[in-house]
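See the structures that follow.
What follows is a pair of complexes built around subunit A, which joins subunit B in one and subunit C in the other.
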Partner chain A sequence: MILITILLIAFGGAFVTYLAGKISGKLRNILAVLVSLALVVLISLIYRREISREYYTLPFLNLKLILMSNPLSWFFAIIIAGIGLLSILYSLEYMKDKERLDYYYFTLLFINASMLGTVISGDLLSFFIFWEIMSWSTYLLISYKGGKAIAAGLKYIIMSIIGSLAMLLVIISLYSRYGTMEISAIASYMQTASIGYTLFILITSSLSFVIINAFWPLHTWLPDAHAEAVSPFSSVLSAVLVRKGIYGLYLFMYVILGLNILNKLHVGFISFSSVLCGIGAVTIVFAAFTALVQEDSKRILAWSTVGQGGYMLLGIVFATASGMTGGMFHVLNHCIYIALLFFVAGAIEHRTGGIRNINELGGLIKRMPVTFIAALVGISGLIGIPLTNGFVSKWLIYKTLILGNHPFLAFAAFVGTWGTVLYGYKFIHNIFLGQLPEKYKHIKEAPLLMQLPMILLTVTVILFGVLPGIPLRVISAIQRQVALPPLQTTLFGIPKEAGELNMINVLFAILISCFIVWLLFRRAAKSVPVQQDDSYAAGSYVPKEKYHYTVNFYNPLSKMITPYLRDVASLFYLNIARGTQRVCNIIRRVYVGEVGYYAMYIVLFLAFLIFIQMFF
Partner chain B sequence: MKSIEIIVPPVLAFIIGLFFLGLFRRIMARIHWRYGPPLIQPLIDVIKLFHQKSVQHGIMFNIGLIFSLAGSIVVVLFLPFGRICPLSESGGLLVILYIMLIAPLGLALSGGEGANPNISIGISRKFILSLGYEIPLLLILLSIMTHYKTISLMEIVKIQQNTSWALLSFPLFLPALAYLLILPAILGVRPFDVSSAPQEIASGTMVEYGGRYLALATIEHAFSLFIGISLFVNLFLGGSCNIVVFFIKMLVVFTIGVFINAVFPRLRIEQAIKYLWRLPVALAFIGLIIVSIL
Partner chain C sequence: MLSPVLLIAIPLGFSFLAPLLKKGAKYIPPIAMLFNLILSILLVPQVMRKPIIVLLGGGWPPPFCINLVASPLGILLALLISLVGFLVSIYAIAYIKEGATEKYHTLYLLLLTGATGIVLTGDIFNLFVFFEILCISSYALVAYNGDKHGLESAVKYLIQGSIGSSFILIGIALLYGLFGTLNMADIANNISYHSLQSPTLYVALAFFITGFGVEGAIFPLNAWLPDAHSSAPSTISAILSGIAIKTGVYAIARVTYTLFSAKGFMIFIATIGIITLLIGEMSALGQKKDIKRMLAYSSIGQIGLIIFAFGIATYYGIFGALFQLVNHALAKSLLFLASGYMIYRVGSKELSAFEGLGKKMPLSSLVFTIGAFSLIGLPPFAGFMSKISIISAGIKANNTALFVFVIIVLFATIIEGCYFFRVVQNLYFKKSRDPAHNCVRDGCPTTQKSEMPISALIPIIILALLIVAIGIYPRLVTGIIESAAIGLMDKVGYIHQILGIF
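Showing the complex of A and B:
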């Protein structure tokens, strides 16, 4: 019964929260936190309780709808619940004086509930129902702010509907063929299906997952949606919602079809996996270089979300122990640090009155040290500096690619990382380092309730970076579920048999070297703190303006690469949209909506008929 | 025994790095028909700098620099030096690649806090340049890792000692040539010293450093020289079983770098990128294609 309880609390909690908002704002906030906390607790309770299935009846087509939990769904469920809780906590301060808060909390909780629904559903119909609820409620929350956000939301919902229709096609086709929608039953039927049909199922269903996970060339909705949504929701969007695509791909590729069938799907060099790999590689490189020329803090992060998706794809399409583990681990890692970074961007926005252009900021390290540390750790995770979680997963993915003799894919992944170094540093430099503008001299650190989620996530980034064994154990359970060989792990990394990585040694090496250098530093002659103008202007009078080099930070490089970064996909869709609009405009001239015109059409049509009858 | 193994590489790297800095000035002076300073001048400078007072701009100004030097020390622990490689069991070439990021990032964070436009321009150029040489470098490393089917640097060295140097073996001489072409950029010497460029941006990232900061930055520079050269020796010249031979190999590579530095004038950053992304990338790319087909 516990799965149904989870769903009831999730959906019911959203409604109750909405109603409580009509009574008092405080009650609503408390309820929202309690509901999301309860979800985290309940989901941690079902850890390791595999394949418990529960039926709920919906008298329709004689179908029993099934809920189930297995390692894969637990992995995603705990991420959803955890980020859900943190984003609600963060919202309490961030959204304090905004309007339509009942609506906001209701939709946020509702999205969390529907995402939970998709991962614990055991048949495709309930999967689809929850998926649709998720798409629609996401649309409502993306366009919450109005203005540009409405356009971003529209872009999202159009692409999402195309994806949903593709999935609906798959589900109907599977049902009419096998008469069931239960995932495990379909999986066993599919083992004997013809190759053509398998390919049809795989490609059509992948379409919707590729859209939601924003792989190139279907990525165009994501940068707008992430940048225009409110920050706590941006982190939910980027950390978990987007990664439902990976869940879906995994579900169809490994749970429903399985390795044996996947290996059969190839013509010469080209196979389904190699196409996916190509998409992943292009996504990584394109997104990394596009992020490099962005000037909007949230847009940089949005593009990084697009790019990091490519790494996960490169990981999971190779069904080796290390590749699969790396891909799944990267889902978790990315979710942690990107949520953290969106919280950082939100905190900056909150304190500076909605500034997202990083060129207008600077020197905030002196005013917001906690946020700075969070940003530093988050960016390090994004780059994959050793001792942060991103390193371990990227290491696994690279190792798979190199030892599996795919050097060009590995090259794309590496180039993406070096692009990340550039835009990651620009993010920190332009916001936190350098000259503090006069108007931000008196801003305060983010409120405590906003700091709390950031601190928690910062600690987790480091914790999983030093002790990767903890999450890797959960992930190897997923491997066993789909009968893939699990990766051997130790608490501190990978043992010698499976390649070698020992994070605790790296930690000690870095700590001890830091300590030695620090001792040297301490013993030397002291230094005096000075202001910017003291050394730069050598003490002479300088007018109070900006003297720091931040605008167009990588100018020589961006001049060289911008011509190659035209977003062809986006332009193509825009052209389609414009074409459709033109056609609709022509139709509108005919269907003007006035009765007189329609009467005229009828008369003309009758005249036409009479004309035909008279002469033929 | 193990503890001595851990202490030896960083100490040797410190000595060799500073020796190289001294030698650098010395050879340059001879090419200019001057006498030049004594070989231990960099060491004298570092000791002197530790005793001088300096200015600072904030906490990150200190921490960044400390991290940067510490990162370099850790990289040295991962690089096989002759037979000694204390941390070879904790990760291979991929770990080295990533830890090598800590040093430039630390310097950049420290410099960014300095709020001096010269520093920021220097950092921006440094990162663009590093993207410029990383692209051929990654292709080179990938062709080596693919060819030897391992990601452990220790293994790569061992295989070369049993067969022949990668520089002289068939598909790998192409990436080796590409590495030689980008070596000055990795070391940050003359045609590619855009990020320090003393005449344009007043030494770029170094401009706010004085006293102990300059001392640490100099040591960091010495370490990075050591790392860049010893990586080449390990990857292409077969490393070595003993420290003296290893040192001689490093010396030869270093001298080539100094000669290039003495002859060529500085490139602009766009020119540097164009150079790096043409011939070296082409060579490395062809090398990688051959390696992956074979």
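Showing the complex of A and C:
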């Protein structure tokens, strides 16, 4: 019953919020927060409860639709609800003076509801229905801002329709073969399916997940969509929606097929997993370097979303305890820090009047210290610096790659991280460090309601970095669910038997070294505060205007790599789209407009029919 | 006594009432169609138990008289015709203002009489007569606006339609020459139980498919459709797209399933359907300017999908086809009606003129979006349910050719998504242009909002609600569609019911 309640509150709440907006804006805001809070509470209630419940029977296909909860769906559901709540909180202030707010809150809640629906579906048809609802409602919010967002939205929806139709083909084919769509039933039938059919199912369904998770070469919708959407929604997109692809892959690879079948799928040394690994590695490297040459704060984050997806893929395709755990943990970690970073970018945008070009910013550390801390912690998490959550998951993934003897993949992962360090530093430096431009001398810190979600996420990044045992416990439960070996964990990391990692030791080591450094500095001469301008100009005259330019960061490197970063895939799709348009225009000319031709068509058709019937 | 005869007699009688009441003529069609709607809803439970057969003409038993067959299929379509007819006629009260309005209403009722007659009759020549009633009134209605485009396309439609009708007549003559009967059940009986395999029979089938195909808009017989649909008044486009071409499809299905039971021929029908689908959808994508022409091409595509589903030739296929037929009738008439007032307000059929209309006409834009989503086949709208049933029928048939066709259907869905989302983004996300650009007609709104009049809004909102309701609770219609599909498959039952033999 609780699952139905969750869905009813999620979808009903969206409609009620919309109607409330017609009465008063305040009521709508309160309702939106209450609905998303209620979802978080309800979902926390079903922790560790395995429920499966029929809720609807589709008459003509004679199908029972089922809702269920298990560790996998709980893991994703709590992420969706949590980020949903935070983005709603953040929107209260961020969206304050924007237009069409009823529509905005309705759509945001509706998207959250449909995403919840996909993860708690117990059969493939409801999974597909919620997936489709998610696709089109996301489109409605990506294009919300108008302008450039329109093209981004169209690109997204077309790719997403292609993906979901591939999935439709798969689920209908499964249905017509086995007469059911229940995930557990299909899982048991698939154990005896032929290799060819399994491959067909796996590859076709992967298409939609690869698109939604934006793996190279099907990533082209993501950078535009994420950059052009409004910031609170960008964080939902990046943190949760994109990762439905990982959920889907996990569902098809491990829940429905299982490891035994996956291991059979290989020709020589090429297997399904190795193809996915290759995609993951290319995605990591390509995205990291593309992010490096971006000048738009949200575009940098968007490309990093593409790249980090590759790490998750590298984690989950290796069905070892540490790889799987690392991949899943990275899903959670990435969701936390990327939401945080999009909130940061949004806060900057909010205060500076919509500036996203990081070269125009600088020195904001003095004006927006809380936002700076959030950005610093977020970027540290993204890079994977110890004591942040990203470190633990990346450590697990690296370990898997190295111990599993995959030097090239490990190298790609490292290169990706180096790229991340570079663009992460660029992000912090160009926005927060350096000279504060004259026009931003008087901007204020982000409003409290926007700070709150950022602070919460910042704390979580550190918390999960020091105490990774909390989330790892949930992830081990997922592994047990699909009968894969779970990773043994302690509160502070991983015990000795499973390859030691103890974050509390790392914490103390760092604290002690900080203490030593502090002692050394105390012993040294007393520090004299010097003006930033002084140290910068070494005492000589400092011009009043702009003297600190941050354009062309990493110029030599950018020059070197830019020629290789042409987004071939994107151009290719563009050409396909143009070609299709052209063909369609030609096809349309069949209707020439001359009635004589039309009469001829009719008579020819008759002749053709008679011919066909005579001879066949 | 509820008799299906009234379904034909009432609109026919009322249609001649319309010219007498000059001013009140516009209220005649809603009254007549409301009566039909109620009557057909009341007939549904009765018909689901046992089809009603009405004998006309001297009380002779079939095959010696004209008979009406109120089977589930007939009543389903009659219900659809009266529902769409009723809603469109309410819309027309405010929409049809200029010109010879009483003639419009007369012709409108005649068109619906013809459509209802086609789906109810059990006699092939009677079917032809009703077909002519429908076609001739639609030729005149297409030209109703009286402008150059309207007249030109009406004449083109007339020429092609007449060729089609003459082909049907030839087909009937061939059959009459062979069997000496015009009763469909009797012909079917003759064909299957005397197992006649003469080439004349094949030729007759070819003539029928071509003839009905013109009205049913299968490729390449559908060249009249984009012209006629785009230059007719929007109410007529809605009826043509929602009802008129569906009767052509019904006639093809009736002829191929009941009359000839040409099982081996069905894969060919499916191929025609797929080609029609592909050509229609691609033309719609290519049509970037005129919204009504785009909707017309999309109708061609949808008809192709319905015909493809009939061509699958299994129970599931027919079920999907009928389901899609119902949903398309609802969604496409919704789209034409919604775009009708939008075009009127912006004074142009150009897609680019629709930019930013979402703010000025919020409700119309919303229902337009619902209709478009339903046609693309997005859940939770009605179109999803029918599309999924067609796709599952295609895959269940376990035939490689059909599997390839299903993939083409999916490809066409992508194209559909492209052009419908193009309209939706124009409505909602693009800023409206200079107001002077949008305002060329007089009576242009001065206020920001300029929603359509309430009497036009109600019918399209009802259509939108129906689409959502069927999408969420398909059981609303699946019951009668299931028995209609069974009825169409069951040729022996049909013959048995009418002739009372075996």
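Of note:
In this section, the second predicted complex is superposed on the first by the 551 of 616 C-alpha atoms of A that agree within 3 Å, B and C clash if a C-alpha of one lies under 4 Å from a C-alpha of the other, contacts with A are read in each partner's own complex, and residues count from 1 in each chain.
One rule holds in what follows: contacts are C-beta pairs under 8 Å (C-beta built on N, C-alpha and C of every residue); 3 or more make two chains touch, one makes a residue touch a chain.
Everything numeric in this text was worked out from a predicted model, so none of it was measured.
Legend: residue contacts after superposition of the two complexes on their common chain; A:Gln613 is shown touching subunit C, with no touch to subunit B.
Shared-chain residue A:Cys277: touches no atom of subunit B or subunit C.
In the overlay built on the shared chain, the residue A:Tyr591 is in contact with subunit C alone; subunit B does not reach it. Looking at the shared chain after the overlay, A:Pro386 reaches subunit B, while subunit C stays out of its contact range. Set against each other, subunit B and subunit C touch different numbers of residues in subunit A, with B touching more.
Of the two partner chains placed around the shared chain by superposition, subunit B is the only one that A:Ala410 touches, whereas subunit C remains out of contact.
By the touch criterion defined above, A:Ser143 reaches subunit C but does not reach subunit B. After overlaying the two complexes on the shared chain, residue contacts for A:Leu165 are found with subunit C alone; subunit B is out of touch.
In the superposition on chain A, no residue of subunit A contacts both subunit B and subunit C.
Contacts from subunit A toward subunit B in the complex involve residues 363, 365-366, 372, 376, 383-386, 391, 395, 398-399, 402-403, 405, 407-408, 410-411, 414-415, 418-419, 421-422, 425, 428-429, 433-435, 493, 496, 499-503, 505-506, 509-510, 513-514, 516-518, 520-521, 523-530, 532, 534-536, 547-550, 553-557, 559-560. Across the complex, subunit B meets subunit A through its residues 10, 50-60, 62, 65-67, 69-71, 73-74, 77, 87, 89-92, 94-95, 98-99, 101-102, 105, 108-109, 112-113, 115-117, 120-121, 123-125, 127-128, 130-131, 134-135, 138-139, 142-143, 145-146, 149, 151-152, 208, 211-213, 215-216, 269-270, 273, 288, 291-292. Listing the residues of subunit C that touch subunit A in their complex gives 155-156, 159-160, 163-164, 167, 199, 202-203, 205-207, 209-210, 213-214, 220-221, 223-224, 226-227, 265, 268, 279, 282-283, 285-287, 297, 319, 323, 373, 376, 378-380, 384-385, 388-389, 391-392, 395-396, 398, 406-407, 410, 413-415, 417-418, 421-422, 425, 428-431, 474-475, 478-479, 481-482.
Subunit A meets subunit C in the complex at residues 58-61, 128-129, 132-133, 135-136, 139-140, 143-144, 146, 149-150, 153-154, 157-158, 161-162, 165-166, 168-169, 172-173, 175-176, 580-581, 583-588, 590-593, 595, 597-599, 601-606, 609-610, 612-614.
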